[in-house]
Amino acid sequence: MKHIDAYRNGDLARGLAATIAAEAKPERQYNFMEFCGGHTHALARYGIVDLLPANVRMVHGPGCPVCVLPIGRIDMAIALALEHTAIVCTYGDVLRVPASAGLSMQKAKARGADIRMVYSPADVLQIARNNPSREVVFLAIGFETTTPPTALVIQQAQRENLPNFSVLCCHVLTPSAIGHILTSPEVAEWGTLPLDGFVGPAHVSIIIGSAPYEPFATQFNKPVVISGFEPLDVMQSILMLVRQVNTGRAEVENQFTRVVTREGNRAAQAVCEQVFELRDSFEWRGLGEVAHSALQIRPAYAAWDAEKKFTLPYLRVPDHKQCDCGAILRGVKRPTDCKLFATVCTPDNPMGSCMVSSEGSCAAHYTYGRFRDIPLVTHP
Amino acid sequence: MNTTAKASYQRPLDFKRGRIDMNHGAGGRQAAQLIEELFVQALDNPYLRQGNDGALLDIPAGHRLVMATDAHVISPLFFPGGDIGSLSVHGTLNDVAMLGARPLYLSASFVLEEGFALADLQRIVASMAHASREAGVPVVTGDTKVVERGKGDGVYISTTGIGVVPLDCHISGANAKPGDVVLLSGSIGEHGMAVLSQRESLAFGTTLVSDSAALHTLVAAMLAAAPNGAVRTLRDPTRGGLATTLNEITRQSAVGMHLQEDAIAVLPQVAGACELLGLDPLYIANEGKLVAVVDAPHAASVLAAMQAHPLGHAASQIGVVTADPHHFVQMSTRFGGRRVVDWLSGEPLPRIC
Amino acid sequence: MCLALPARITRLLDDSMAEVELGGVLKTISVALAPEAQLGDYVIVHVGHAIGLLDEDEARATLALFAELAQHEAH
Amino acid sequence: MNTTAKASYQRPLDFKRGRIDMNHGAGGRQAAQLIEELFVQALDNPYLRQGNDGALLDIPAGHRLVMATDAHVISPLFFPGGDIGSLSVHGTLNDVAMLGARPLYLSASFVLEEGFALADLQRIVASMAHASREAGVPVVTGDTKVVERGKGDGVYISTTGIGVVPLDCHISGANAKPGDVVLLSGSIGEHGMAVLSQRESLAFGTTLVSDSAALHTLVAAMLAAAPNGAVRTLRDPTRGGLATTLNEITRQSAVGMHLQEDAIAVLPQVAGACELLGLDPLYIANEGKLVAVVDAPHAASVLAAMQAHPLGHAASQIGVVTADPHHFVQMSTRFGGRRVVDWLSGEPLPRIC
Amino acid sequence: MKHIDAYRNGDLARGLAATIAAEAKPERQYNFMEFCGGHTHALARYGIVDLLPANVRMVHGPGCPVCVLPIGRIDMAIALALEHTAIVCTYGDVLRVPASAGLSMQKAKARGADIRMVYSPADVLQIARNNPSREVVFLAIGFETTTPPTALVIQQAQRENLPNFSVLCCHVLTPSAIGHILTSPEVAEWGTLPLDGFVGPAHVSIIIGSAPYEPFATQFNKPVVISGFEPLDVMQSILMLVRQVNTGRAEVENQFTRVVTREGNRAAQAVCEQVFELRDSFEWRGLGEVAHSALQIRPAYAAWDAEKKFTLPYLRVPDHKQCDCGAILRGVKRPTDCKLFATVCTPDNPMGSCMVSSEGSCAAHYTYGRFRDIPLVTHP
Amino acid sequence: MCLALPARITRLLDDSMAEVELGGVLKTISVALAPEAQLGDYVIVHVGHAIGLLDEDEARATLALFAELAQHEAH
């Protein structure tokens, strides 16, 4: 596949690995956080970790919109389906996330809720048109990448004056989360691993551009490299970070130049600006309340805002007390340090945000990395 | 008064516009008519024609019996490369074949939904008949029930197959041993992605067809290529895909496996569709592929026999069996790293992240 | 991850829709968010929408850089 | 870094409040868990424990095989005297037995509806296990699929049975000859009316229980009571009732029958419920009764053998086989007249007139 | 079963048969019409015909409410279900009756119509209460026996002010049909068999009493014996008719004294009087339009009258041209005289009213009597 | 036929309902159309309603008459 396969080449990977090993100074430790679950996934699935020198450590960030979706928001969606008998549509990723009372959207479906998986927000509009006598709600999740398509369907619903369609908006913003990780008071509680730089979002940056990361470089003196999600992209970005550290720079660099610009997608930004506005605060699973970190639907589109249309109390649901996600997300613990890992907490029954989707650090280690905990035996 | 009563007359089934109604499942005249004018007609063979509620069958002496069953509930019913009729033949025959057996007979039980078009049912039964004749395995007995509209999905078909295996043939998922070789008969994920390509809301354009096929002749060729006992395990990686099937085997045999990703063939269309939907071909269903665990000394000759068979021409060695108390299936990636290949958890759902 | 992939536009359709191709698979998507996309362009597809364009020159440059960085070591 | 990976952990199924969801049918970890914690647990036997997608079975030499299958879709799932679990064992075993065979093995395939309570499923599987153990016929292999809510009705079970019959035993619905005697193993209509008594809107109070039972030991006793060939036909009058079963036989054997109404036993509760609903017990389903056509010289000894068996204690001779080109089943009424006993047409629906 | 089994005694039947044979004068023919399908059914199912002397012939009348229900009324019910998406409820008897366009209510159900079988009209009320967002229509059929329960539920719906319940009333009246058979112009067309008397309705008479038959006895000089439906009842009634004929009487006699009185059930009559009024005319399948032969819902209850509530055109659908029902219902032909009998026309595919329910004369002969057309062979 | 059967009232319930028995089978019906029905009475049941009462004296008389008419011939 053009523009995909070339970025997964194993020979080049070995070459890049050797270059990283050669340039990483043996006397120091490099701790880089990849914000995005997409990078976490690539690291685990392609076994990139095996190609990095021991002193280059990747810390998995909170960048998976499914992982950070708080349980209380899923509870709201389930209540819409079970109590308001709405058709609730969402992306496949969300269906299995555990909610309160032993439910998940999938289990609520088994109890009679009309829950439907969609591939695109446009499918939800079609479902609403096909079911004029039912309320149809789209549980919209995602970072800046996923927000513009949601904005488009809200505008389309307004144009069609579709009365039975609405959106439960859970869109969140990446820069605020990165800032939070660097500044939140919890840092004191857990201690913190000095982060030497960030692997920056790929697809989020297509929309917002690379400019929004510049304050991190300047204010916090942290290098940021916007990186594609293919494994060679990630390796090159790591090399770029190593080089910034080695030369004492703290800049925003763009490895993903084939798609990301400094300005981002102006058309998409404009649509989002019309439909959404900043929330004062929003709860992130694993991080807690983060100020100005999420979007809500503007009053002009209130008729399509499920939170305005339905009485939907939001109840905060804490994760398991022993869940170490907070520390893991800041790099001070690893999944295997958590008592619940692979016992009470598995991808089938996640207890914390890091286990929810295959992009969470605990889930990625469970699914792809557990073999690292034992010696490899290839022959008897 | 007439001296001759008129014989009981029944208007023939309307295969153009007719639909299944509750009467077709009630066990009376209409049920008998459906059996005669559709099932017996299409699947015609001497056993079915015995006309009893079961079939009397001959089996060769000096064998053990293998019995396997599968319920088929696929949606959509018709998909590129097959339909629920052919699938219900292949799916069960293959489970019989995976124990090294020669499949001899099939039974079929239908759960029809009220309102199902007779034309569609006829097409499905014809396809089943074709698959059964092509495989040389007749459907010898059956049953039909009708459920109310909204309690079915057109048609569900449960098939059971029986076959025979020589007394000295012992193939099982429990037989894999460290040092054995893992063979795969061809590229993966075609059935699952062909079906998914037809799902409303996911629909994508593709010339991809299901790999649905009866594997018993391939199995026979493989068994002929090595002494008894050399082929330890055979299994068709259906629901759950290759990944889950290999995990089943490592758990059942209490071993581990180490795979080479670059030995596992994936057609570009399958790869493309999987990328698009966020799926992993390792977890996508196949219906015409098999995995074999073979002792190392005979792996080459078994692999050669596979490659010489039309259903195994793209066969490859994909890994080796290891000693591993955790029964992990591990894989060296094409990229040069290593990962676990875990069981499928839940359904393989299209993802956005 | 925000799963998104480069796919080539094979047909421009009405209503800001387009057909794209990836590995021989065809899918109809919206190009409303990438109004400048032309036939033959590679767009980045996410939840049924083109969210950006792929710059083939930059792609070539990136691949060349990979090769260079990888060879660097071989010396 | 730890030196030992934690073993894959799975929270046990919640049989109190849990429900079937789509994951249980996806072929991955949850599907495997359901099989292990429920099916293998309850139905436990060495064949099932082989753990493969089919079972390897031993069969005695010098026999022919009998194979029969039934889909079970009953509503309600639980009824007085049984449930879909026990019924799915009896219904198929009896079809095997009706060819004179000794049933040896069963397969079971489940179509579960999303949302079905695990507690109910557990109860059904336990009942199936009980019936299977009581009959001495293990469930050796199976399959489970899950369909979306609104595409099933809790659970459908298709079972297939295999059994063996001596080479010289030829029992078939095609063997009835004019002059033969028709025997019935007991009173009719109990299963159908017990089930109907539980249907919402028809519900009536009764202590009536289904006659659901495995008839193979009764068959064995009958066959032992007469020389080979004396028992021409055996059939269990299930859906369609006694009337339809006898018509099937007259058509298959190209004969007629003449019945005596007063020889056909009907319990007062069945008679009462039939009167109330406008139904005829001749068309109501049985699940623990059989009809035998026996050559006249051996009818008495076969009847005696039936009456000596607990499942045949109320057996009687209900008629004779006649020559009739129209294959009519006729009946002399208790009242002194004569009538045709025709095939069931459609469903037996409660009538008001 | 008390009050049932005693009336099916075979020994007494033989005795009664001998008495009838002894009293029926060999030199004459006795032609009696049993109006009710219940009697037709008893004659066939118990084989009573075998017990009657050859010169006593029973002519089967139109007394089965399912048989006489015109196809156009079933088409209306199907339209309610398929076009108005109403839940249409009716008795099991009606479900299989062929309608237009190859449909029946059962086949319409297979095409997605929400058709439900009920045992009692009260069940329909419950369905309406349980489905407040759906229209629920009761296709009400039946003679005077079945009318009072329908009247009760209409009154109950009014008391509850149940807005989504209505009744498609197809209730018909027996005396008008009997009168029609004796006087209709079609008699000239087919010729007519001189009827020597009527076996009168059992259960209809519970409601209306025996008095309404008195005009037939006086005006047409025909004996009428109200008869129970059990086979001994029927035989005794036949004997009573033979005796009236022999003695030249033409009276209304009541064999079914254990339940039927001259006045009938006053309470039931009162309920019907409140809810229903006479239609000017109504089509009977097999008989055609019969004046004052059916009921409609009074204007006071119009809110529960499906014919008023929905736009429901009634289209008359003729039976097959070769159908001989008209002649059969008047006793001038027998089922086996019809070319269509047991070829095109069977209980599975009835072409005319006489084949529709097991109480029709063609259906009764098909289901119970075909053996009479061949000699009985009991042994090879 | 207007299928209707004699069944004995075994319990009088609220709202003009009653439980009747026939051949050991119990069914709940309405007695709104036979308000005079008492416990132990035989009522004629049609579509879930008692539409009339059975007079046991008349029943006995009818059965006696059958016997008489049947014997008549035996002489």
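As written, the chains take the letters A, B, C, D, E and F, and residue 1 is the first residue of each chain.
By our rule, a residue touches a chain if its C-beta (ideal position, glycine included) is under 8 Å from a C-beta of that chain, and two chains touch if they have at least 3 such contacts.
For reference, the UniProt names are A, E = Hydrogenase maturation factor; B, D = Hydrogenase expression/formation protein HypE; C, F = HypC/HybG/HupF family hydrogenase formation chaperone.
Note that the coordinates shown come from a computational prediction; the quantities given were computed from them, not determined experimentally.
Counting hops only between chains that touch, chain D reaches chain E in a minimum of 1. Excluding chain F while holding all other chains in their positions yields a single touching group, one piece. When every chain is reduced to the mean of its CA atoms, the largest separation from chain F belongs to C. The chain pair sharing the most C-beta contacts is B-D.
Centre to centre, using the average C-alpha position, chain B and chain F are separated by 60 Å. Centre-to-centre, using mean CA coordinates, chain A is 75 Å away from chain F.
For the pair chain A and chain B, the distance between C-alpha centroids works out to 38 Å. Centres computed as Cα averages put chain A at a distance of 55 Å from chain D.
Each of residues 1, 4, 9, 13-14, 37-38, 64-65, 91, 96, 106, 119, 123, 142, 146, 348, 359, 370-371, 374 in chain A touches at least two other chains. Residue numbers of chain F whose C-beta contacts span two or more other chains: 1-3, 5, 22-23, 46-47.
Along chain B, residues 5, 7-8, 22-23, 29-30, 268, 271-272, 275, 278, 326, 328, 342, 345-346, 351-353 each make contact with two or more other chains.
Which chains touch which is summed up as A-B, A-C, A-D, B-C, B-D, B-E, D-E, D-F, E-F. Residues 5, 7-8, 22-23, 25-32, 50-59, 61, 64-73, 95-96, 98-99, 101, 105, 107-111, 140-145, 147-148, 150-153, 156, 158, 160-162, 165, 172-174, 235-236, 238-241, 244, 248, 252, 283, 285, 326, 328, 342-348 of chain B are the ones that touch chain D when the two sit in their complex. Note for the complex: chain D touches chain A at residues 1-11, 14, 17, 19-23, 29-30, 114-115, 149. Residues 1-3, 5, 7, 19, 22-27, 45-47 of chain F are the ones touching chain D in the complex.
Chain A makes touch with chain C in their complex at residues 1-4, 6-7, 9, 11-16, 18-19, 22, 36-38, 41, 64-65, 91, 119-123, 142-143, 145-146, 148-149, 152, 201-204, 206-207, 229, 232-233, 236, 239, 255, 257-260, 265, 267-268, 271, 359.
The residues of chain C lying in touch with chain A in their complex are 1-6, 8, 22-23, 29-30, 32-35, 42, 44, 46-49, 51-56, 58-59, 61-63, 65-67, 69-74.
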